[in-house]
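Sharing a structure here in structure tokens format.
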Amino acid sequence: TTTRGPARCCSAVETKISPLFTLGKKFHLDDVIEAQQFDRDTLNAIFEVAREMEEIEMNPSGSQILKGFIMATLFYEPSTRTRLSFECAMKRLGGEVLTTENAREFSSAAKGETLEDTIRTVEGYSDIIVLRHFESGATRRAAATASIPVINAGDGPGQHPTQALLDIYTIDREISKLDGIKVALVGDLANGRTVRSLAYLLAKYKDVKIYFVSPEVVKMKDDIKDYLTSEGVEWEESADLIDVASKCDVVYQTRIQKERFGERTDLYEEARGKYIVDSDVLDVMQKHAVVMHPLPRLDEITVDVDLDPRAAYFRQAKNGLYIRMALLKLLLVGW
Amino acid sequence: TTTRGPARCCSAVETKISPLFTLGKKFHLDDVIEAQQFDRDTLNAIFEVAREMEEIEMNPSGSQILKGFIMATLFYEPSTRTRLSFECAMKRLGGEVLTTENAREFSSAAKGETLEDTIRTVEGYSDIIVLRHFESGATRRAAATASIPVINAGDGPGQHPTQALLDIYTIDREISKLDGIKVALVGDLANGRTVRSLAYLLAKYKDVKIYFVSPEVVKMKDDIKDYLTSEGVEWEESADLIDVASKCDVVYQTRIQKERFGERTDLYEEARGKYIVDSDVLDVMQKHAVVMHPLPRLDEITVDVDLDPRAAYFRQAKNGLYIRMALLKLLLVGW
Amino acid sequence: TTTRGPARCCSAVETKISPLFTLGKKFHLDDVIEAQQFDRDTLNAIFEVAREMEEIEMNPSGSQILKGFIMATLFYEPSTRTRLSFECAMKRLGGEVLTTENAREFSSAAKGETLEDTIRTVEGYSDIIVLRHFESGATRRAAATASIPVINAGDGPGQHPTQALLDIYTIDREISKLDGIKVALVGDLANGRTVRSLAYLLAKYKDVKIYFVSPEVVKMKDDIKDYLTSEGVEWEESADLIDVASKCDVVYQTRIQKERFGERTDLYEEARGKYIVDSDVLDVMQKHAVVMHPLPRLDEITVDVDLDPRAAYFRQAKNGLYIRMALLKLLLVGW
């Protein structure tokens, strides 16, 4: 059991079962496990706190909101971008960080210790755990075990909810609305958990239209299409990026994941060059529209695009900081 | 030479030779090298400070006792559990941490630099060094070189004194006494430095009785048995875990270390399943008795045991934090 | 773009082109890229701040000059000595640190992300970047991209300017002058970037005489010799270490870099034993002269030399801390 006063209020074990959030007199957020756990009100609340975090981050004297709290970043596979973003978030709020960059070779895991046992030990040394794991569902297991909050920083092919949150937050910040937007999801739609989570969250908004633009071998899977249909979200597949880009508010490009093609490098090379965001795409895009990308990018967005103000992907990466600051604040000291 | 004011008083080079402790007007602790260096009075003093640390850790506003001090965790082999425990201890007291998780591939060590040269460099960048090394005796060499305190966080097959301290502290916290206790050491008694160190420390208390319960291939070695006999500690070997468990205050289970069996996996498998702490063992244990384990555990304690209040192993892991907080305070700012 | 108030003044993008420094009402230092960027006035200014840092480091209550600032140590190859030195510097001044010890296996770099994209992401999570890279010129590219200061912590066979600065600073602290000194550069002069950078900086002072003492296979290359000649610096090659040592103020020994010899271990072994600094060398050295070494050392300086007060190499390592503290202060909050 945790013994840190402020943490206790936010990690009540008895409310571990869904709904993970209750909006009332006090906003409750116990763990961050998957994109689906968030409803519109919760998203709005998180985004409101994230906006406050932008102010705090700009303040050179910094913040001490989380002074005295320790975050353990327990990463079973390396992801420096995500890790640095979380660790920066904690430090910008005055908190402390314990890091395990490669917990898979963690002597204990290597010796056969269960994730549950590891969590029971690490929760004794920290106030919140940020978990990156190679197995889908690992965060849910960790959260069920831990008496302190757990944040999913990506678990295998499963979820990466803070990425989904920062994506939606970026659209809101860049386009100033979420209802009624048109979004193109481009590239590797079969393997990218990013676009899958984003599609889930977009379904919470009204009159959203989604275009899927991808090579045949990596097209969006039926489960997401069926989900969108069941939620009344309009979607269509298209092979014409220029046409789609001219209509959309957001062109969300993704990297073709070479590692998923195995020895079929011919298929990879074919898929890779098919839909590139370049100056031709920019030329047809509306003035208020933006290009997004979860990064890292290879050449699926040409570097000349970077100079256009509609290139939002580095601002998007920065928004990850604000979202993670907001989540840490909400999980550790509450609304 | 160290130039940090407060550290100087605790790292007097001229008193590096034993006795490492002098209890008088001022309690002195220069380095933590091996379990044998502690006498009963010193153990009592450390445990008293550890109890204060429990209070400090529970205080949400935290402590700044070690503000301005830097601890370097110089780990030549990974041990995330031990490292996180030390780093949390330093941060809970307001101190800072520099981490080297894999100093063995440290470019300098790889290039042939001696441990002594590395220590002379690192002591310029820190106020205390926590050393984990693959060679027995490494900490003693480091402490002889350094003008700042050095703590042994495990050196090869040799010592792991902070584990021994937290084990004894846990028994004291759980059973409320150390004199007159009966302790079963179970499992891999040949290879586990934990049980060897624990046996040494138990010998400092009165009327202790130790039971060794282990597969034949990994039974306790004669040096420890001879030492216990010479110190007047009663011990016996037994093959009947149920009988022993019914008599003991502490059942200290350990993992059979597969890595020591080499290619003889048949011997490993045979040894591994022989003495399991499960509900049958719990059933015969006294109400006040506890099950301990240095962790990680595999299946030598079944998971259903976790739910019993007598399962003390996760509390034991947490006690490691308090013991390390106490040692850091004693080494850096004194009694 | 950076949003941190205090950092902004020191990272004006419009002054990224050389001269990197302007000494006037306000001292400006934007990035630390190479030894050649520093003129005598700048060096004097840095050394003056480094002296202040010695005072600060000795003060047990510490400093909060850089409170609220975050340094990202982005290391594409491990160099624990340099990393710990920078991280200690930041923490001694009250700043925070984010660490990437092996950015080469950084998932993003491994996936083909450019250094520029990585920098654009990391600058969103920090106020200053310390970059160690395997490619010559990497820091210059990073600094051209980043809107926050970048420090070169070694880029491949290229530059390691903070090492050169601490070397010059050490000579100044030990010998109390830089004009008119005689310096022996000994050992591997072909492969060591340290001695090359040091030669560049020494050329900024008057009446310096440099002696090159090295095995034939690793002698100083012509570009440096030509540069010294063009700058009017006297130099000569010698095979007689004893004779040279008797005349010099500084004997700067270096390690023969085995990794550069490939399979020709015979050549390595021959080169390695040729010029050793031992008690015979000490015997002929002047009383005020010093032995320096960038570390790590193998047996090119015998361990008995360590006990002589003229052995300056561990003080030299410590000076690296003061120089890095000074640079961090100058880059983040200015003069």
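Chains: A, B and C, in written order; residue numbering restarts at 1 for each.
By definition in this document, a contact is a pair of C-beta atoms (placed from the backbone, for glycine too) under 8 Å apart; a residue touches a chain by one contact, two chains touch by 3 or more.
Bear in mind the structure is a predicted one, so any value in this text is a computation, not a measurement.
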| item | value |
| --- | --- |
| Neighbouring chains shared between subunit A and subunit B, ordered by label | C |
| Self-contact between copies subunit A and subunit C, residue sets same or different by half | different |
| Interchain centroid distance [CA atoms averaged], subunit A/subunit C, Å | 40 |
| In subunit C, residues with contacts to at least two other chains | 99, 101 |
| Residue ranges of subunit B in contact with subunit C within the complex | 3-6, 67-68, 70, 72, 96, 98-101, 103, 105-108, 111-113, 117-118, 120-122, 124-126 |
| Of all residues in subunit C, those that touch subunit B in their complex | 57-62, 77-81, 84-85, 87-88, 91-92, 99, 101, 255, 258, 295-298, 314, 317-318, 321 |
